[in-house]
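You will see two complexes here that share subunit A, one where it goes with subunit B and one where it goes with subunit C.
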Partner chain A sequence: MANYNWPEMKTRAVMGKRYTRQDGLEKSTGRAKYNSDLNKPGMLQSAFLTSPYAHAKIRSIDTSAAEKLAGVTAVRVIVAAGAEVNYQSQEIALVAATSEQIARDAVRLIKVDFEVLPHVVKEDDLSKVGNRAKPAGEQVTGDPDKAMKEADVVSEGMYGIPVLTHCCLEPHGQVSEWKGDGVNLWPSTQNVTGIGPDLAKNLEVPATQVKVHMDYIGGGFGSKFASDRWGVEGTKLSKASGGRPVKVFLDRATELNIAGNRPSAFAKIKIAAKKDGTITAWDSVSWATGGMTGGGMPPIPYAFTNIPNRRLNHTAVQTNGGPLRAWRAPNHPQASFLTCAALEDLASKLGMDPLELFAKNVQYAPEARRETYLHQLKKAAELSDWSKRWHRRGDSGAGPIKRGMGIGLCTWGGAGHASTCKATIHPDGSVEVELGSQDLGTGTRTIVGQVAAETLGLPLEAVKVKLGDNSYPPSNASGGSTTVGGVSSSTRIATADALDKLFAKVAPSLNSTADKLEAVGGKIQVKGDASKSIQWAAACKKLGVESASATGSNDPRNPKGLNTQGVAGVQIADVSVDVETGVVKMNKMVAVQDCGLVVNPRLAESQVLGACIMSVCGALMEERVMDNATGRVLNPEMEFYKLAGIGDIGDIVVHMDIREENDKRGIIGLGEPPTIGGIAAIANAVANAIGVRVPSVPLTPDRVLAALEERRSA
Partner chain B sequence: MSKHDEHDDRNKKPSRPTSGFSRRGFIRSAGVTSGALGGAVLVEEEAQAAQSGGGVGPGAVPITLNINGRDQKLSVEPRVTLLDACRNQLDLTGAKRVCDRATCGACTMIVNGKVVYSCTVLAIDAQGKRIQTIEGIAVNGKPHAVSQAFVAHDGQQCGYCTPGFVMASKGFLDRNPNPTEDQVLNGLGGNLCRCGTYMGVRKAVLEAAKAMRGGKNG
Partner chain C sequence: MQAFEYANPTTVKDAVGMLSAQWGEADVLAGGTDLLSLMKEYTHTPKRVVNIKGIKELGGIQKTSSGLRIGAVVTLDELATNAAVRSEYPSLVQAALGVTSPQIRNMGTVGGDLCQRPRCWYFRQGFGILGQDKNGKSLVQTGENRFHAIFPQAPAFYVNPSSLAPALIALGARVTITGPNGSRELSVEKLFVVPKTNKDRELALAANEILTAINLPPAKGIKNATYEVRQKQALDWPLTTASVALKMKGSTVTSASIVLGHVGPAPVQAKQAEAMLAGKALTPDLAADAGKAAANGAQPMSGTAYKVQLVRTAVKRALLEAMKQRA
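And now, the complex of A and B:
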């Protein structure tokens, strides 16, 4: 049986190297075809009629004029008369037409009689949400009341982090084509294998009859797993239009309003501690929303999970807003912000350096993370010049520009998901690996190629990686940082097994046996005897007419040491705040990231850099702004749903903790963890700079100035 | 009509259909006074406003667009943007429709040497101009230096903003062949990326500048 273990770190020829992404030139020359780019023969365009109200009953709907408009091929009513819509932009009808303009004209011809119903769209003040508050109960550990009474110091604070939206640059949607007994689907999805069965279930066609293909996806971040209403209704429109392909991609406003968001989190937090900074109790009252399902409690206290005496109260708040979806590290950035902000406030009250306070309380982190956090806090402090630049809160000198520093932590799982790979070595020496997976821009295509090339002793360009089609062996959806571990492990196993078959064909010519051969440097040779070797191409000719092919799977219950889970990370932010304008400027961000075996350090660093930039957006700019009076989203476009630009991010320093000891853990996913701690770090840095906590992010100038004003008037 | 007027283009009937609208005119009528829009675009649009005669449409009208050095004949409704005409009719899909409101730059093209948001230019108003898209910037069949630099410095992840960023970078470097890093940050402030690739983009643009100054594919 083949040896699946990863080769020793120092002997790797392809894995661990900084290859550029293999599809990079396709993207940067504009040749890469995303499914939103498709122009199929006879393809129809579409437009949605969506709800202008946050909550309404549809008394009647009349689509007859729309149906008669020249160029319209079909109209689908999604919410029928008598039913309710529960948030603005909820889909009511979908029109297919020969052009998008005609489809939009048709939407304007649909007559709907709405009965407007009361709505709740804001949750920041829990006292104002009435019966939309759904208490989730109380959890008590130890005796928090006693610990609070006996504490040397009790620090209290109120913190809030709003609903964000994914704002994937490629909107959600697909081209779909009804084929009589099945469907051709070209979606924008994180779930090439799973989206077919999901659509099939909704259409009542056999799952095997949905053919899915996607080469590229323009962002997902956790929001693109399902076939969605647009998938189902778009396909039904294709059926109703005689099987012509129908393109449905959301416009930006609809995308921002309904295609997923990260739930909010608000909390009043009380922490008790000894004089030396040791935390003795935690008491939190939290609430959150992510639409009509409310919002769950973020995992608080975060990282310091074993604080001995704890009381947690949480309330889910149902609001008339678009539904929540997974958002890169679900609930972790919220939890990290709430916890790290409360700890920073405690440190300030004690007059302690937060670095010291965080380190002191690492004793409450899960045992496996403690040493890592201590190591990382030290490293991050070093890279951010903490000892020189940190000062006591507010002690930032005269003048209007105040500089400050803050810390945030992360932790995540990241074990490999279920994945199957088919590897084929052809008689002409070419190699193909096929997986029903997807490259979200994380570099999956490149990484799979590196694993296969390493296993076969070939250069990277000798391997053709085929992803993005559900005719390939199944892989799970790309979510939760599970892809790299899953696909690397299945690729390793499949290529090693295919190579074993080639060894068996080649062995006689080397007067050896398959188990004694190895593939190194473009040759197959007897282990330890390079004089007995055969070039790769010549070896493959010995296959005759039959390719050597094998499938291999990553079984998450038994990953064979190839992948594992559990990482920690520390981020430190360095900011300057103009206390006259309230504008926060990023100077620098340092991310020290724990990792396992890193297949491609360049791409791994890009993940961390991107995560830090997302944190800058979340800390300083991003927020879905709701209007109580109308129930509408006030910023459903990219001018006022703000993302950071290239000049807004300061300098970013990434330190990947790549070393032999970590490498031996196997591969661990990296997409989520670095997105977690940055918002906390930036918010803490601002508090450190200006001398007062700005309770809620994003730290927009108005919020910064309000916090300063409140301190002045207090 | 005086002789002088006969030589004044503004009094001639336009030889090709135009929208009859200009951004400046629209902004005036909408009462918008903010100076948030790019100055270079406005100056050009203003000149164009002076030229425009009556409107056309609402039905489709035949137009000719000069794209990447080739004249392309197509039929569009006057309300169709340059971006949508390229994407839906000419299968030039490198430029992406993301914000559709001149914010994010994913639709960036170069028109008469200037960087524009093609989501906010009507196709019929782009007639008679030299339109360059990402599909047309390769040099002697080889990828443009900017495209190459984006790969070398990993200035892209999902890649959906990338063609727009590459075009904005090319347009910027054509005018600023030897930029400082600060100039890059200012010059490319009109493009947004969601994955967070700006650190790579910074390096890529500075590297591409060097390559272009050295006469390599730029």
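And now, the complex of A and C:
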């Protein structure tokens, strides 16, 4: 049996190297075709009629005029008369037509009689949500009251982080074609293998009859797993239009309103501590919304999970907003912000350096992470010049520009998901690996190629990686930082097994046996004896007409030491705040992150860079603005739903914590962890700079100036 | 977007003839950076769109006997890179560069900057220029108004969106407007009017008139600067702007013009602050005091109190910036 273990760190030839992403040229030249770029012959366009109200009952709906409009091929009513809509932009009907313009005109011809019902769209003030508050009960550990009483110091604060919307540059949607007994689907999805069965169950066709293809995706961040209403209704429209392909991609406003809402989180937090900074108790009253399903409690206290005395009260708030979707590290950025902000406030109250306070309380982190956090705090401090730049709360320097530093932490699982790979070595020496997985832009194609090339002793370009089609062996959805562990492990096993078959064919010519051979440097040779070798191409010729092919799977219950879970990371932000305008400027962000064995440090760093940029947006700019009176989202566009540009992100320094001891653990996912601690770090840096906590992010000029004003008048 | 007829005239006369005396019938297209969004959202549903970018006489920046004439379809980028503008009107260059999207600077025109519609999110969502519910109650006053006015003129609580207007007003610029009966001139400050109902427009233009040029008086010896408070470096709308133009005698200000942007439905002339500077040597302390005076009389709403501070800062910094210029 083949040896699947990863080669020693120092002997790797392709893995661990800084290859640029394999599809970088296609993407940057525009040659890469996203499914939203598709234009198939005879393809129909579509438009949604969506609800203008946050809550309403549909008394009647009349689509007859729309149906009669020339160019309209079919209309689907999604919410029938008598039913309610529960948020603005909820899909009511979908029209297919020969042009987008006709589809939009047709939508305007649909007559709906709404009975407008009361709504609740804001949750920042819990006292104003009435019966939309759904208390989740109290959890008590130890004796928090006693600990509070006996504490040397008790720090209290209020913190909030609003609903954000994913804002994928490629909106949600697909082109679908329901012809005969089968469906062709070209979606924008994080779930190439799973979206077919998901669609099939809603269409009542066999899952095997849905063929899915997607080469590239323009952003998902956790919001693109399911076939969704647009998938189901768009495909039904195709059938109703005689099997012509139908394109449904959401417009920007609908995309922002309904295709991704990260739950908010608000909390009043009380922390008790000893004079030396050791935390003795935590008491939090938190609430959150993610639409009509409410919002769960973020995992607080975050990272410092074992604070001995804890009381947690959480309330889910049902609001008439778009339904929540998973967002890169579900609930973790919220939890990290709430926790690290409260800790920073405690440090300030104690007059302590927060670096020291965080380090002191690492004792409450899960045991497996403690040493890592201590190592990373030290490294991040060094890279951010903490000892020189950190000062007590409030930059006392002259002038309106105040500089400050802050820390945020992360933790995540990231074990590899179930994944199957088929590897084939052809007689002409070419190699193909096929997985029903997807490259979310993270570099999956590249790292799969690196793993295969490493295993086969070949250069990266010798391997053809095929992803993005559900005719390839199944892989799970890319969510929760599970892809790299899953696809690397299945690829390793499949390629090693295929290689074994090649060894068996080659062994006789080397007077050896398969188990004594190795593939190194484009040759197959007897282990440790380069004099007994055969070039790769010559070796493959010995396959005759039959390719050497094998299928390998990653079984999450037994990952064979190839992948594992559990990472830590530390981020430090360095900001300047103009206290006369409230504008926060990023100077520098340092991210120190471990993720076990790193297949490609360049791509890993790129993941972390993206995550830091996301954190800058979340900390300083992003916020879904809801209007009480109209129940509407006021900023479903990209002018007032603000995102950072290059000039806004400052200098980002990424340090991948690549050490022998981390490497030995195997591969761990990286998508979520670096998105977690940044908001906390930036918010803490602003408090450190200006001398006062701005309770809620994003830290916009109005909020920063309001916090300064409140302190002045206090 | 509603289907429309597209007209591509080559003379102002033809263009004017293609417009309608009624608002809503036809729209003028220049850079299109605002109009196209308005049409896509069905906020504007013109039956005819009249492209004026092909009209040669609307282009170019020329020195005239009375200063500088800037054609209406000159782009913000052309404005910001023009040598004559750069030498005498730094406040205008700073204002144009405050439009931090290169795409908008390349496509957007000076006429369009003045004629664009307010960014008020209630307006953009179909609640009319005044942002009112169906009973005529302001949604802005009791709603989400963080980007709105601190110098409102009820019933208007939106802010004028122009980046260039404060600088143009401070510099004493006038616009040429051409209609069926020929051309007329108007000071830029008079271009902006305050609507009383949702049917009114916010510009002193008739529906069949076109803003054809901006005329700047000479500014030799006039120190001028714009300071814009904006959150982002990338495309972002200004939160508050101050433009100043100072006539000097040695180090003494003989007269000052201070105009605030994005704080009211029209640019606001800060008269108290202007008066405070006249006859005095400008010092940092005086600049700060003028900033404070400029914010006098502000009537912030629930979300706009911070703009009082922004006015103070913007005026102070614009003055200090102007002070740095060589006479």
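The working rule: the second predicted complex is superposed on the first by the 713 of 714 C-alpha atoms of A that agree within 3 Å, B and C clash if a C-alpha of one lies under 4 Å from a C-alpha of the other, contacts with A are read in each partner's own complex, and residues count from 1 in each chain.
As a working rule, a residue touches a chain if its C-beta (ideal position, glycine included) is under 8 Å from a C-beta of that chain, and two chains touch if they have at least 3 such contacts.
Fair warning: this is a prediction, and the values are worked out from it, not measured in the lab.
Contacts of A:514 after superposition on the shared chain: neither subunit B nor subunit C is touched. Of the two partner chains, subunit B is the only one touched by A:32; subunit C is not. Touch criterion met: A:646 reaches subunit B and subunit C at once. Subunit A is touched at more residues by one of its partners, and among subunit B and subunit C that partner is B. By the touch criterion defined above, A:701 lies against subunit C but remains apart from subunit B after alignment on the C-alpha atoms of chain A. In the superposition on chain A, contact is made by A:625 with subunit C only, not with subunit B. Judged by the touch definition given at the top, the superposed model places A:634 against subunit C, while subunit B stays out of reach. In the superposed model, A:69 lies in contact with neither subunit B nor subunit C.
By the document's definition of touching, of the two partners only subunit B reaches A:612; subunit C does not.
In the superposition on chain A, contact is made by A:583 with subunit C only, not with subunit B. Common to the subunit B and subunit C contact sets on subunit A are residues 101, 639, 643-647. Within the complex formed with subunit C, the residues of subunit A that make contact are 101, 104-105, 108, 400, 580-583, 620-621, 625-630, 632, 634-635, 639-640, 642-648, 700-702, 705-706, 709. On the side of subunit A, the complex with subunit B involves touching residues 20-21, 23-34, 36-37, 39, 45, 99-101, 167-171, 216-219, 221, 251-252, 440-442, 602-603, 606, 609-614, 637-639, 643-647, 649, 652.
On the subunit C side of its complex with subunit A, the touching residues are 1-3, 42, 100, 119, 121-122, 125, 127, 133, 139, 142-144, 146-147, 229-237, 239, 303-306, 309-310, 312-313.
Remark: subunit B residues 77, 79-80, 84, 87-88, 91, 93-101, 103-104, 106, 133-135, 138, 143-144, 146-148, 150-152, 154-163, 166, 184-186, 188-202 touch subunit A in the complex.
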